[in-house]
Amino acid sequence: MDFTFNSAQAHAALTLMLTIRLFESKIESLFSSHIMHGTTHLAIGQEAVHAGVSPALDREDWIVTTHRCHGHTLAKGASLKAAFAEFFGYSDGLAHGLGGSMHLVDVEHHNAGSSAVVGSGVPLATGMALQLKRKKSNQLVVALFGDGASSRGAVHESMNIASVMSLPVLFLCEHNMYGMSACAKDMVSVEYISDRGNAYAIESTVVDGNDVEQVYKAVSDAAHYIRSTGKPYLLETRTYRFSGHSKSDKRVYRTREEEVAWLKRDPIEMLKQRMLQRTYIDEKDFEKLGQNIQCEIDNIVDEMIDHPRQLSIEEAFSYVYSSKEHGQL
Amino acid sequence: MDFTFNSAQAHAALTLMLTIRLFESKIESLFSSHIMHGTTHLAIGQEAVHAGVSPALDREDWIVTTHRCHGHTLAKGASLKAAFAEFFGYSDGLAHGLGGSMHLVDVEHHNAGSSAVVGSGVPLATGMALQLKRKKSNQLVVALFGDGASSRGAVHESMNIASVMSLPVLFLCEHNMYGMSACAKDMVSVEYISDRGNAYAIESTVVDGNDVEQVYKAVSDAAHYIRSTGKPYLLETRTYRFSGHSKSDKRVYRTREEEVAWLKRDPIEMLKQRMLQRTYIDEKDFEKLGQNIQCEIDNIVDEMIDHPRQLSIEEAFSYVYSSKEHGQL
Amino acid sequence: MKKISCREAIREALFEEMARDQDVVLIGEDLGCYGGCFQVTAGLIERFGTHQVIETPVSEEAIVGVAVGAAMMGMRPIVEIMYGDFSTLASDPLINHAAKMRFLSAGKLSVPLVYRTPMGSGTGAAAQHTQSLESVFTNIPGLKIVYPSTPYDLKGLLKSAVRDPDPVLFFEHKLYGVEDLIPEEEYLIEIGKGDIKRQGADVSIITYGKTVFTAMEAARLLEADEISAEVLDVRTLRPLDTDLILQSVSKTGRAVVVHEAPTFGGFAGEIVATIVGDRRAFGALKVSVERVCGLEMPTPFNKHLELALQPSVERIVDTVTHMFTSSV
Amino acid sequence: MKKISCREAIREALFEEMARDQDVVLIGEDLGCYGGCFQVTAGLIERFGTHQVIETPVSEEAIVGVAVGAAMMGMRPIVEIMYGDFSTLASDPLINHAAKMRFLSAGKLSVPLVYRTPMGSGTGAAAQHTQSLESVFTNIPGLKIVYPSTPYDLKGLLKSAVRDPDPVLFFEHKLYGVEDLIPEEEYLIEIGKGDIKRQGADVSIITYGKTVFTAMEAARLLEADEISAEVLDVRTLRPLDTDLILQSVSKTGRAVVVHEAPTFGGFAGEIVATIVGDRRAFGALKVSVERVCGLEMPTPFNKHLELALQPSVERIVDTVTHMFTSSV
């Protein structure tokens, strides 16, 4: 792969990936100290996909995420504050505390939010693309889904529809080798989900999802293809979640050796090494960067915990229907 | 294709195809003279698939049919009497008059019946195969579905499952170019549905569905493959329904030229010509055969109309739950 | 006024709304030149083209999911699903998505979707094509549910449904050929308002959809017995016009709830609970509240059995008469 | 007797039935070494192997369809779906197929399927993981529906469900850790029988699932006000134990129906209609019948809002107290 980031791009990607990593680590610690409630799905290890997807799009392009949505949400432009507040269930959160970890939505940044029903976001994204196309917009929609989701019928139906209707959808499979505990090799009938493109006459490819430059390049190319042909595209990114599936996961379904092998391919470390090599950065800059982000995150959270703002039940009712009269107590 | 029927096989196939054709023609006339009620989906023109599928299976193999199920049901062994009675809603019908045209079932002949929800029979067939495999049976299950049904998510989910679990299912796509009015080339994202086999690591092929010898050979081979490998197989048969989709269809969605072109490939005529050529039959035999079948059919129907037997509502209730106490009036 | 069938009334509503706003888009199977399974959309593709009439593969789940997504981007999709029975396939996009998008985005996204599908029996299409599955959706906050009976109501409510900013399920009975008079000029009917189809003093027959006609016929017969029956067509199931129901029952002191769906677990239960949950209406009740609904059986193909399942004029008349003849 | 949690009670039932009959097979996602989303099936794959514990891809519709087909061939599948919310995806195989196969084959095929899934709120998992969707299925003839509350009931009813020749939906609340005593020896509980969880004379609180515990707590508080509340756990929704309900209400003359699902269109309506459709029970009623159920809102993530949605001890106590203090 010949494509490389210039220094500014590399810095931006590194900053984003570190921000996401530290955001999720903070979330993890808030959960394990029982300050946060509910459940959460961390994507630690998958930051190259986050930093490679949204930044390679136009600002006006839309994304539709999944239950594992933190990284993509930040990468698409959400503020750390609004994101954290959502985890706390506060009214200044992205969804005013109504959605929580699995439902980060950020319409201002053209992030339509997620479906926590695995795979069900894909038809929504397809429909968004249909209306954008009707309005002769140049925007595309990224439908994110996992290797587990690839088995859902809704994904098949959507790909077929996007193909026969020529819709500007980037089907982006974030293949991290596992569903919850289920290993893709036992659950998915093909080695590469991207090979299913043929079944829908959809162009496709697979890239190393731990290499942010590769992901970025592949998404840029796919976006260009979609915009110039009006057709959908299927991109598979191969990556690995270092974290457990959700907060309670003991990871009994995989070996520590496998984890260690993947940890050697930590996407942040990979980018950092390249940047060191290209002298875009030195060890001290890197350390500093991490400290600054950590500091910002800690401040946000400390300040937030001290100022809880929560919707009243009446306010929550106002979001059930558009006209208030139908919200009933 | 080198495979050819011997005389006995050819005679059996011809008799079966003619029987199905005349059965459906009778149904059509009973509907148009308003003697029968409800709706019906004729498959006139697709008899080579009917006569090529079930006869190529072992008697113990199962089939799961669709709304367009008359031909397969007769081919699998159902009696003309029980089939006609079902259309009349009589208690001596295949399902005692509870199912009607779209739900012909014949458990004795290992025909598990149909789902009239397009595509939804495919997971049922897959599940039947799962239990047969668990019981170390040598039987396979044929999941019949149309080109329209191929767009249903349930079909995708089933193929993926049958592949990863290695289940003895023959996915048999009866591609007749149209859904209801929807032309496959506008609705299905690939030219050949059989090409989707690759997406599931399922072996597949496509054959001329108007050539009964080809269908028979392909099904025999597929059944052999499934039994010897334990894996599923996807077979596409290309055919055409001469009749409208259902009784009220004016066929505005296709041209008369297209119909005429296909009529030239009438599967019964094709087999007849071969049999004439091979001197398995002469014109007079053929005429006689048709007359005999017609006579049998007319007698059955005449006799049936004179002796209507219908379930009482209490009897119908006894089929809702296994234990009668739960059937409520 | 002009005479028009239910089918034409729906088509007129579609036509007017599609002409008014290019973002009103029909989506569904075979609704182009074929005109839809029940011929409701015949002629619309010729007039509005593929920009506003979108034919889809047989993919109910994705069709509705696609419509939800498109609605989020400003389309006003009207999805037609051929038979209400296939609402099972659409229940994830409807229940888990359409109903919740506005809430989950704290009001930033909305889903102005109309989901049209025919429900009910009478066509000889057996167990998988004749269910009345409205109860699958009535317990879902975020959805509105409309189930009109007459050409007038069908047209006025469908037009309102199209303009509604929230997802509306629009259920149709299959008596598409039934005719009645409607105004020449444009009109809307507010979602959430019931209609007294017949005034009466002695008993309230509360119903919706096809059984409105059954109830009207029963009311006519009851008149011969000098029982004056009020027929209340709720028209909208969610939000329900509880005021109208309570008023009627407080007046008559007797209530019979009628629908095609099986009694047990059906929407009639909600109507009954609405009545007896209200102190005034409960106090006014002279006898227990009755339900005359479908029998507890999948619909058989056999014609006489299919008929036997449905709430008949006779069953309604008997039930009402019994309310007057026997003691509480 | 031994102390056991709801989770363990279910697991014991699974274990005993799987040991008894090799055709009893668990099917679902991540229920092998992971032990299932709520750890209910932990340890079963180690004991019974992949012949009786079948892990599947994320394909809810096909999983349940596959189970229906397998059941037709003699398997006794127990499908686990991770969250009741995904029952939307399984509603076609359940409603259009499992419920109708016996009928459509005039008794020649049957579907001895158990569909296990947890319903309800309290876990902070927001709108798509906390619904109580039992109403999607209660109006479907051909299905049986069970929704037990205690370890004792969970175990006994699950074992009966596995042995039942018809499809049984087995809904579980998410208080998997709640403990209680159960017998050491094997036992079954008949499907279709309710249970008086607490005897009382003044008011019948009728409920099922998690809110049985809420109702019990409310009954304890009401005792302080000298109101003797009977708590009736229906345990089975379909077929409902109407006799027990009518007996209880005929005795107390007051009824409050409680469930987690939103009030409107919920199963409480059926229970209310059952009561007031019976002349004796209706005649015995001293006040209107009340419902204390979930609010009309998708479940918010925010903890205090999530809590506010549920029927609380306070709301039950207030409602009951109000029945005694104000006139009809």
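Residue numbering begins at 1 within each chain, and the chains themselves are lettered A, B, C and D in the order written.
Please note the rule applied: a residue touches a chain if its C-beta (ideal position, glycine included) is under 8 Å from a C-beta of that chain, and two chains touch if they have at least 3 such contacts.
Source: prediction; values computed, not measured.
**Student:** Counting contact pairs by residue number and requiring over half to coincide, which of B-C, B-D or A-C is equivalent to A-D?
**Tutor:** B-C
**Student:** What chain lies farthest away from chain D once each centre is taken as the mean of the Cα atoms?
**Tutor:** Relative to chain D, the chain with the farthest C-alpha centre is B.
**Student:** Taking each chain's centre as its mean C-alpha position, how far apart are chain A and chain B in Å?
**Tutor:** 46
**Student:** Nearest whole angstrom, what separates the Cα centre of chain B from the Cα centre of chain D?
**Tutor:** 41
**Student:** Quick check: how many Å separate the C-alpha centres of chain B and chain C?
**Tutor:** Chain centres of chain B and chain C, defined by C-alpha means, are spaced 36 Å apart.
**Student:** Out of chain D, which residues touch more than one other chain, so two or more?
**Tutor:** Where chain D meets two or more other chains at a single residue, that happens at 56-57, 59, 61-62, 85-86, 88-89, 92, 96, 103-104, 126-128, 141-142, 264, 296-298, 300.
**Student:** Hey, what residues on chain B touch two or more of the other chains?
**Tutor:** 95, 98-99, 103, 115, 117, 151-154, 157, 160-161, 164, 186-188, 320, 328
**Student:** With touch defined as at the start, can you tell me which chain B residues reach chain C in the complex?
**Tutor:** Residues of chain B touching chain C: 37-39, 86, 89-90, 95, 97-103, 115-119, 148-149, 151-153, 179-182, 186-188, 252-253, 310-311, 313, 316-317, 320, 327-329.
**Student:** Taking the complex as given, what residues does chain B use to touch chain A?
**Tutor:** So the residues of chain B in touch with chain A come to 151-157, 159-161, 163-164, 186-190, 195-196, 198-202.
**Student:** Okay, in this complex, where on chain C does chain A touch?
**Tutor:** That would be residues 25, 51, 54, 56-57, 59, 61-75, 77, 92-93, 96-97, 101-110, 141-142, 144, 164-166, 192, 239 of chain C.
**Student:** What does chain C use to touch chain B in their complex?
**Tutor:** For chain C paired with chain B, touching residues are 29-30, 32-34, 37, 55-59, 61-62, 85-86, 88-89, 123-129, 264, 295-298, 300-305, 308.
**Student:** Which of the residues in chain A end up touching chain C in this complex?
**Tutor:** Residue positions touching the partner: 64, 95-96, 98-99, 103, 105, 107, 112-113, 115, 117, 120, 122-132, 134-135, 153-154, 157-158, 160-161, 164-165, 318-323, 326, 328.
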